[in-house]
Amino acid sequence: MNRLAVQLPGLSLKNPVMPASGCFGFGREYAKLYDLNVLGAIMIKATTLEPRFGNPTPRVAETPSGMLNAIGLQNPGLEKVMEEELPWLAQYDVPIIANVAGSTMEDYVEVAKHISKVPNVHALELNISCPNVKKGGIAFGTVPEVAAELTKLVKEVSEVPVYVKLSPNVTNIVEMAKAIEAAGADGLTMINTLLGMRIDVKTAEPILANRTGGLSGPAIKPIAIRMIYEVSQAVSIPIIGMGGIQSAEDVIEFFYAGASAVAVGTANFIDPFVCPNIIAELPALLDELGFDHISECTGRSWKKGGPTVYCGA
Amino acid sequence: MNRLAVQLPGLSLKNPVMPASGCFGFGREYAKLYDLNVLGAIMIKATTLEPRFGNPTPRVAETPSGMLNAIGLQNPGLEKVMEEELPWLAQYDVPIIANVAGSTMEDYVEVAKHISKVPNVHALELNISCPNVKKGGIAFGTVPEVAAELTKLVKEVSEVPVYVKLSPNVTNIVEMAKAIEAAGADGLTMINTLLGMRIDVKTAEPILANRTGGLSGPAIKPIAIRMIYEVSQAVSIPIIGMGGIQSAEDVIEFFYAGASAVAVGTANFIDPFVCPNIIAELPALLDELGFDHISECTGRSWKKGGPTVYCGA
Amino acid sequence: MKTEKMTIVHHERIAKNIYQIRLAGALVAEMNEPGQFVHIKVTEQANPLLRRPLSLCDINKEAGECTIIYRAEGAGTTLLAKKRPGEMVDVLGPLGNGFPIEAAKTGERALLVGGGIGVPPLYELAKQLVKKGVSVTVVLGFQTKDVVFYEQKFAEFGETYVATVDGSYGTKGFVTNAIDDRAISFDVLYACGPKPMLKALEQKFPDKDAYLSLEERMGCGIGACFACVCRVPNSETAYKKVCSDGPVFKAGEVVL
Amino acid sequence: MKTEKMTIVHHERIAKNIYQIRLAGALVAEMNEPGQFVHIKVTEQANPLLRRPLSLCDINKEAGECTIIYRAEGAGTTLLAKKRPGEMVDVLGPLGNGFPIEAAKTGERALLVGGGIGVPPLYELAKQLVKKGVSVTVVLGFQTKDVVFYEQKFAEFGETYVATVDGSYGTKGFVTNAIDDRAISFDVLYACGPKPMLKALEQKFPDKDAYLSLEERMGCGIGACFACVCRVPNSETAYKKVCSDGPVFKAGEVVL
């Protein structure tokens, strides 16, 4: 038995750890450092219909235990991603989750229709929550009805299961999740970044050229855990959790909260080997905690009546 | 000229630095460490109509560059605060901002009516955003109409200016701020804590007995800065800023974002002398940055056409 | 009570994950009561953010030094364990109210019971009691042999018994088993350790004069944040703060 | 390109807030091009979170050591400055594409222009050019006298001029003033420094073969995060990444 193997809609994962969208490009750089075949899946950089340059620089700023980014969805566009990036990734036996973004519903539908036909794309991840694009982005991810409609439209055209990525910048994340589930989403991924800002003390100017940006990294982990804890108890579709994961222990914490798989974002920048390292460490941690299989951990912080958890203390 | 003196509705502050509510009790403990007269003001612990014990322990948990708390508004109740705590604080020449909380509108009104009569209470701070109290707390701070109505009712009975403390756990902080301004608030304080959670990897149990808690400390600073930046451009009442402040530089960053004064919360636990230290360091920092008076810094990150800022690089 | 950057003069691993650190500084002059603690910041960075409460294990006024024993387990204590002599740590203290020496009269017998990392404060306590002429019996409980420490040091003050949960050293079982085995008699009980141990002692000796040191997660450590409260019997709202009213309470004073 | 915990073998302050650090490790075997950089994590904690990009200043293959010179200013570099010989730092590298030595032929003249913390990578460059038989002239610009460093070290390779903005040392003004003063002639220009300096040089010598090293805030440092892009002339969407396509670009290749 593979203790780390996880089955999710469209995704048969050898392990539940994957790099998060936007933090791994299309895999080429990390492929120089290690064999991508060790990964459970890869969430590629957001793809839009047309190529985008994104925001002016500086695009990143450091914050306490976190970072802000305002990349602005830079990507080579649907055509190039389909012609160059995805075929290159096909050399690896790793399912690809294509992160889809756009400024209008039609954009999303168009990208989803085409990219979901590529054989190594096993699922879509709708990026309705990127706080960096002024037009549309924010609204899709913060109004339940709009998110639901988008989900429905994309589901109609997609040839693979559709995961919707939730924005944490909302009053009621459970309401969002339920609306999206009702609209037919196959899974949720959460959380995207929190909207933040830093100002240079010397110049009084925002450090990011875009002024505001998305906060990621360990700083946001407690917020991600809380939201997954709430949402996983309210929906029955699986959750791929993310937000500040740096270690195998963090992965277990996300599972306990209610995740069925996880993505690692910012931590790739700090330790490019973080994904393979976590994957290698998980079995020993499962032993220590007394689990046979990682999926036993899902939702354990709120599931009643399960077997007593081993307590090391 | 006092370079740090700041005038706000009801508050004539010798400097703009004050301990944040809940992080300083009623001042007695810190009074053993330094002379409270150095402080710009003191925001006392939330006061409710009746005494409250609060939540079971553990009530705090550490997170990356932050902490969660779920104190649950423990306090001795209006009567004791008025009879014991405020008279004791009257020995200091420091204006008190009374943090008011409750489970119903009537609670708030009742507390506000009485506590605003105490001579050393120069302003009220309505805690509509504490995420720990299940009944009411969340709704007051997340529904603009409800927050506005509460503000109006409290304004009717309060003998001193009313500041409303915004919750960051909302989709649209500007909408909240505008509704509260329109309802007659004299100022805003922001931000309260973000709702978060941590789970113990060994036991799979949430670390906080209350399960979720409020995230504070440096981790939330970029979120506070962003929200103050947005709100200060949309309202014309002053903002007392807070969220992760640890240093004089942080204070300036909050001013640049749009704050007219600041409060220091969690940092008091790490360095009990942090408030007097920051106050002592501010004049030299103003010199270095080329400002005569700290209020020149307010909103500088978005105000156009001001004098060019000196750049040290 | 104040803050000071104290200098590490000695730092040593004395059992598995258990470290003994000796700190020098002016703060030592203020340290008097066994059972008091200090609140230590192990880094100047924002992470790990909070101070860590650790008990005074030995106070050496002449040398201007104090000793602390701690288990390196989480983020803060693991960082602390890496510090070398000559480096500084930021100490806030001394904090709280310790064990009352006056509760045991000269010539009386005191039983000191410690569990795991609850053992350290009993050392200064034993020292002060013996100095006063109180006769001391010590029972120490640990998980397993690897983490046993200070048995010999306590033996210098009085009879010392050890229990380990897994039986790998001393009596197999809990401190209560070790006490039963010997039928130890005493006038005053002092104890520090995990809550289940304190509860068991409170139930076992309902009529004795007993002083229990509690542990609770802390924010400020000085009484301002209400993080560390415990309930007072027969009241809905009454409370005590472990950090400033405790950590030592008379048995029955608070709800365990 | 890989990660390694390299050992600090030497660490020294060489001017106001300017430090020189020498690191030993197997990674040195992979370091070849002047102008390449490493990405350094100065703490195992989550704060400061990101790595810091710092240029290779000297590569000593025989000793298995490399030297870096940096200004201690922000959170990360201030922490780095506190590290002592014997301690380790986590290094990712070598990264990026450096200055092309082959652009200058044996016997030709190269002008090396550095500004502030853009000076360090020119040292390894000068070394390699001189070794190849290229004659080297060096112009270094600093804010003020206190932060001038490595003038003598460069003087070993060729004529070296210094400019300070406040005139407290060398020519008063910018590197361009120093160049004007001497009417320096050259075949190939190599420069590293703040963007305004690079722009001034690009405008001043539009027809020269020039190579400019850029700075940009970085996330990953390896080309994956799109943090560090710059625009390519005459295109709406074309871009280059400073970390993996640069940091050295031929003048005109990217929009400064």
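Order as written gives the chain letters A, B, C and D; numbering starts at 1 within each chain.
What we mean here is this: a residue touches a chain if its C-beta (ideal position, glycine included) is under 8 Å from a C-beta of that chain, and two chains touch if they have at least 3 such contacts.
Since we're looking at a predicted model, the values are computed, not measured.
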Contact-graph separation of subunit A and subunit B, given in steps at minimum: 1
Of the other chains, whose C-alpha centre is the longest way from the centre of subunit B? D
Interface with the most contact pairs, given as the two chains involved: A-B
Between subunit A and subunit D, what is the separation of their C-alpha centroids in Å? 36
Here the gap between subunit A and subunit C, centre to centre from mean Cα coordinates and rounded to Å, is 45
Hunt down the residues of subunit C that sit against at least two other chains at once, touch-wise. 46-48
Give the residues of subunit A touching no fewer than two other chains, as numbers and ranges. 63-66, 217-219
Touch graph of the chains shown: is it line, ring, star, complete or other? complete
So, in the complex, the side of subunit A touching subunit C is made of residues 64-65, 218
Looking at the complex, which residues from subunit A come into contact with subunit D? 22-25, 28-30, 32-33, 45, 51-54, 57-67, 69, 71, 74, 77, 217-219, 246, 266, 268-273
Complex contacts: residues of subunit A adjacent to subunit B: 63-66, 68, 142, 169-172, 194-199, 201-206, 211-212, 215, 217-223, 225-226, 229, 244, 249, 252-253, 256-257, 289, 297, 300-301, 309-313
For the complex, give me every residue of subunit C touching subunit B. 1-3, 41, 46-51, 75, 92, 216-231, 236-237, 239, 244
Parts of subunit D lying in touch with subunit C, wherever the complex brings them together: 43, 45-48, 79
